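In what comes next, chain A is part of two complexes: it sits with chain B in the first one and with chain C in the second one.
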Partner chain A sequence: MLTTTKERICNILNKLIPLFLAFLVGAIFALIIGFNPFDVYARIIKGGFFSTNNLMMTLGFACPIIMTGIATAFSFKAGVWNIGIEGQLYIGAYAAALVGGGYYGISSLGLPSYIHIPLAILTGALFAALYALIPALLKALLNVNVVVSTMMLNYIATGLTNFMCKAIHQGDQSYDSTYAVMDTAILPKLDSRFRVTYAIFIAIAIVVVITFILKRTKFGYEVNAIGRQLEFAEATGMRVKKKIIILFLVSGVIAGIAGATEVLGVNKNFTPGMSGDPGLGWEGYFVAVLANNNPIAVFIIAIIFGGFRYGSISAQSQIGMPLDLLNIIKATMILFYAIRYFKPESRIFNIFGTKKTAAALSDSKEEAEQNV
Partner chain B sequence: MSAIMRVEKLTKKFGDFTANDSIDFEVKKGEIRAIIGENGAGKTTLMNMLYGLLQPTSGQIYFDEKPVKMHSPADAIANGIGMVHQHFKLSPSLTVYENILLGIEIKKEIKLGKKAVKLPIIDNSTERKKVDELIKKYNFNLDPDTKIRDLSVGARQRVEILKMLYRDVKMLILDEPTAVLIPQEIDELIETIHGLKRMGQTVIIITHKLEEVKRCADTISVMRRGRMIGTVQNDDEATSEKLAEMMVGRPVLLSVIKSGKPVNSEKVLYEVSHLSGKNSEGRMVVNDVSFKIHENEILGVAGIEGNGQTELMYLLTGLMKPAGGSVKINGQEVLQMYPDQLRKNGLGIVPEDRYLQGLCLSMPVSSNLIAGYHGQEKFCHHGIMDKKSIRKNMDKLVDEYDIRLSKDDPEVSQLSGGNGQKVIIAREFSSDPSVLLMSQPTRGVDVGATAFIYKNILRMRDENKAILLISSELSEVKSLADRIIVFHNGEIVGEFIADEVSFYELGLYMSGAKSMRDPA
Partner chain C sequence: MFDFIENLLYYTVKLSTPLLFCTIGGVFVQRAGTMNFALEAAINTSCFFSVLFTVITGNTFWGIVGAFLSCIIINAIFGTFVVRFKANAVLIGLAINMLMTAVPPYLLQAFFDSRGLLMATDFIDVNKAINIPFLDKIPILGPMLNNQTPLTYLVYLVIIILTIVYYKTKFGVYVQVTGENQQSAEAVGINTDKIKWIALMISACCCALSGLNLTFEQTGSYSLNMSAARGLICLAAINCGSRRPVKSCLYALIFGFVRALQLMLSSFVSPNITLILEIIPYLTIIIVFIITETSVARKTTMRFFREE
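Moving on, here comes the complex of A and B:
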């Protein structure tokens, strides 16, 4: 609950300072490897945002990150530390690639686009949700730590799809991949010149729906309570276990759609490295953390991240800047974000190593430990 | 005697809300000062400023005649001011002496020529000795080697006090120390406080129990709505009635007046039979408990805390798996139901631990006021929350139950302790349940509000409800209840008509000296 302007200003400053510090660290690394940081940043920002064409490319990169970010934030909101979005995305992408690629006799059915595309997306969503059901049941029935189970399932998902792609469903390319997606299953682009497909509307719809669920529904009310105070949620009769399962399923569906639309619209086949480095699931995790699990903030930050992704690609092609520089910046941003620099009640600049910062950190740690 | 601590024009604002308004106040060396005031009067806020937890918006604090500025509790302790909170900050797996020296451990030293060099190793025997000396000096009933988790609440509190004394504080602040204690521990605490005074300590104590104030304070300061109203000597003139009037600003009726409406013994509204429950270690903590509550009846549960009352409440409110038995509301079996289903079936629940189960601290008051009822048609249509009616519900209850808010719909964490409790009371009473289960309903609540809650409990009784009242305060149970059952070791060991039993008799059953179970 923000009310006073002072609190609001503190809040904005607390968001901007990590951004600034992260770019500072990035600048140091840029200098070390012999680039002018101003030049690099100017190119990234210009390449990512400064023209309609660039923005259209940026949106294309942002689209899956919006979805994985929302999938992560939705679980995190309830204190369920589901970091398995990456794995679920792989499963969803793979299932969609099989349907889209016409495997198992689907190619001979002669499906029209308006059936083939939704069928492929829904199959991806379904399989991803089923995959998400594994950690959900492990948590609900055996109280297995979610971080551990989802993390391991990520490795299993990438390994499994990699293996199946090589051993069973290898297509006609010289590299490991499935058969190309049939024309009837290709998710069209808004404009053939740019990366962004109609999936962006699905992403926006997801943002709207999830915002509505969290803000206005009974389910959202309960998710908020579960994430804040588990004992209270139980004492007021919210079926916590059931809710955790639903959360996993919804996150899985969204992750599956993200994977499916990437395959059907952008990549047009499944390849084992389709998610990039860091993977789209992890980008979503970064975004959710920075957005403090607020869906609207996820949407905005995901677009910024998409811009960075595209901008650094153009910086790479122009001056040979390594893409990893941006990953350093993103990772340090999260580190710096963990610190509360300003508090409304303190007059002085409250940075690094003061007792209050330490207290604030340990408080938030305690909060985290309370949760699932 | 001179003032050890003095504050001048001390003001604390939270946003636009003034919690402490230009307070002038002093405490003399070596006295016991009680601070009383309604819920939300600003007592905790004032003390938090003295202990460095909050920074004043304006004004000055003087300690030992020197102006002091404290940015943290560490600063306050360095200046000689200590405070013990209601929620203890001890490490359960460490011993008493380890907890007391936490953060200021004594290191082993070795002599290298003439220089003593500190090693990064804790000198346990010296630590132990020092703490033991301190315990002896203040005559505290504690063993330095006990682990905290094996101590009673009262003993833990003494450890917290020792922690402050070890750090050489000259003034000790206790914020509602008795709220968590059983009557016998309260006696011990008051004894401890008198002992501290004899050793030259200055003590500030906050409590809502005027009877405790009368027993331990030298002087009494009264706060009302952020202002310091005045300080009086604790003499015969300072009667409970007069103090209550100073706090509230108008006369308060302190005694409980029953209507005399008879219990309707024809109609059983709530029936518990052969209820048992095991805790996580497999011990039977509620053992074959049976009782009935009739229409127009309040059944009181007396007992020393930790004898199964907490678990009984868990069983009855669907938070613990029963080992057997049955519970019926109006003839309908409700034993395995979830808390929201129970509420739907006409049960009102005031849980014992308000900050764990009763309230969600980081959610706004309006959301807390519907919790447990949030799925009912009144607040929710087809899974969508009705914002308007939630808002209206809050406005109505805040007004009706006099919940003091510092701004529009704040988070519950920003409410004073007593006002938090009022949120629960308002929520559960306003749902018009047919059976009401309450545990410690007036803990931390001021005299005025306590009287208000009592009045409402009695009103509900007269409106054909059945009420279960669990309280560690024997006088509360005895003055409100029609019938009393006594808990000991998870069993009912006695049952009495409230008006026909003495405190002494109840005490015998509570302590286990007498029992109806085995008349040996």
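Moving on, here comes the complex of A and C:
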């Protein structure tokens, strides 16, 4: 009983301290360029969460992040450092934009929207999954370092879609984008005023399905085992290579859906910089790390991050705060999150139990008072 | 055609310089058993702070100081988290990369009103080419090696020195031992943390030089993400070269050659086609990975084919 409370306290502290430190660093950066950090944070939080309208916008921003977060978390769970979600998202978004935009004679088919929308999303998912197959095979067959290969494939994906968009599918438009998505392929919004589309239900479904897979199925159990110790999993007869390929494919499908829904519902066309800064895939990476690869936690943190994203936009429009402040805070959060500050077995907790520490504590209190 | 080859070789040497600096420094860290993804951030930081300090002070000397200081700080952050607190190196490396892609645009937007570009061409003279008279007379090597910048010549000196350090000194051997088996290294009394710190500092200095080569000898300005995945390319080179200095540097030269090829080819084709050429360096890395890892895989996992 005592150990569990200790562990619980440790867990909470280990999660809160990075948050605090990251916002502290963010505050220092805000001060450097002459902003009041409290003002900035208040605006961001107010802009992101403090009214129904803002919350609806926040959900719109959070929706793709939920999916990319789940995609990242799912492969991280197996200890596979798949950070190629960004590239897969681009490929998926591009494929969906082509189908949705009616390229290659799709426009003349006259598809009704209940076929056109799923077709576009599934095409996006398919191409993203195929793209994810490349690092999967490299890892499974040749044991290539996943981080390097997926990172390179991210650059290739952005370069490739950039080229295709500008050189082949731009047509006679003056703006670098594909043709606008046809009316039958537009993913409807919950309310035309807000950013959030029906994709949020897809996102929720993905969270539920992935949670179920991880908690309740044999495959989920094996993923966990592979994540804990690959060699042991291999030795007990789990076919690790096959599992890794499936993992990548599932991540790819989810990333593709994220890109497709973003194009069909929000942007309405593909632009080379559609993913923003940092990309949605990277937001997903942040979220997955902070959520410790737990799908439910991913869902919650992704919504918070969506709120930050929208809140920082309103903070920028109100007081001219550079958006990059949020990226600095997020990166520092990851940085500090990687350390375990308190361990259940560490001395601080042992000290609490003895009289000696009570004395030590009071000493330190006195010191603190003197310092004040 | 002959001109083309000469130019290609010239640009190979020129564009390999930052990669070589980064690779030879990174070899030590990598060999000491730490996956250092922060190489990318270190180059980016060096580029940014060298230009920033030069613009602020109007003096290139402080730019150089800024580059070295910032790189050392970046690697010290990496070291503090990874070596001191034993955090996950991949996580920390990626986080530092993120941090350093966010800090420059943040400061630029706040102080210089342009989010992506900082010009310092008023202070920095990019034309630092050294003309060595007698080199011109040698047919292919002459144009290839002549008229390069000082750091380009320096990098080969650095490679020689660090290779000697790596193979012939106590420190170099300690680095290898630390990477091979940390527990054993500690058991025979090697202070592995100290070894890792020294390796990180060597890497920091090399990355600073790499960034300085980009800003002071090639562009004279800072543009957003100008490191353009060079750190990762170096990491790939180190991986492919199985963490040996000379072999890794050869791979870095290959990647430099590809970049030069991309640059040369893009002057012949239409602007749209140049966009597809941009992915060539990254594609090359994947292909090189496939080639090198296939031979490794054949030796280890596919051994049963050869046992009879």
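Just so it is clear, the second predicted complex is superposed on the first by the 341 of 372 C-alpha atoms of A that agree within 3 Å, B and C clash if a C-alpha of one lies under 4 Å from a C-alpha of the other, contacts with A are read in each partner's own complex, and residues count from 1 in each chain.
One rule holds in what follows: contacts are C-beta pairs under 8 Å (C-beta built on N, C-alpha and C of every residue); 3 or more make two chains touch, one makes a residue touch a chain.
Because the structure is predicted, anything quoted here is derived from the model rather than measured.
Engineer: Could you tell me if A:Phe29 is touching chain B, chain C, both of them or neither one (first, second, both, neither)?
Structural biologist: In the superposed model, A:Phe29 contacts chain C only, not chain B.
Engineer: Would you sort A:Ala235 into first (chain B), second (chain C), both or neither based on which partner it touches?
Structural biologist: Only chain B is touched by A:Ala235; chain C is not.
Engineer: Is it chain B or chain C that touches the larger share of residues in chain A?
Structural biologist: C
Engineer: Kindly classify A:Ala225 by the partners it touches after superposition: chain B alone (first), chain C alone (second), both, or neither?
Structural biologist: It touches chain B, and chain C stays clear.
Engineer: Examine A:Lys15 and indicate which partner it touches, taking first as chain B and second as chain C; both and neither are also allowed.
Structural biologist: neither
Engineer: Which partner chains sit in contact with A:Lys46 here, chain B, chain C, both or neither? Use first/second/both/neither.
Structural biologist: neither
Engineer: According to the stated criteria, A:Thr217 is in contact with first (chain B), second (chain C), both, or neither; which is it?
Structural biologist: The first partner, chain B, only.
Engineer: In the overlay, answer first, second, both or neither for which of chain B and chain C A:Ala338 touches.
Structural biologist: In the superposition, A:Ala338 touches chain C alone.
Engineer: Give me the intersection of chain A's contacts with chain B and its contacts with chain C, in residue numbers.
Structural biologist: In chain A, no position sits in both the chain B and chain C interfaces.
Engineer: Help me check something: in the complex, which residues belonging to chain A touch chain C?
Structural biologist: 29, 32-34, 81, 83, 134, 138, 141-145, 147-149, 151-153, 155-156, 159-160, 162-163, 166-167, 278, 282, 285, 289, 322, 324-325, 327-328, 330-332, 334-335, 338-339
Engineer: Would you pull the chain C residues touching chain A in the complex into a rising list?
Structural biologist: 35, 37, 77, 81, 85, 87-88, 90-92, 94-96, 98-99, 101-103, 105-107, 109-111, 115, 229, 232, 235-236, 239, 272-273, 275-276, 278-279, 282-283, 285-286, 289-290, 293-294, 296-297, 301
Engineer: In their complex, what parts of chain A are in touch with chain B?
Structural biologist: Touching chain B from chain A are residues 1, 3-4, 216-222, 224-225, 228-229, 231-239, 345-347, 355-356.
Engineer: Report the residues of chain B in contact with chain A in the complex, numbered from low to high.
Structural biologist: 15-16, 54-55, 71-72, 74, 317-319, 338-343, 349, 351, 356-364, 367, 371-372, 374-375, 380, 383-385, 387, 407-411
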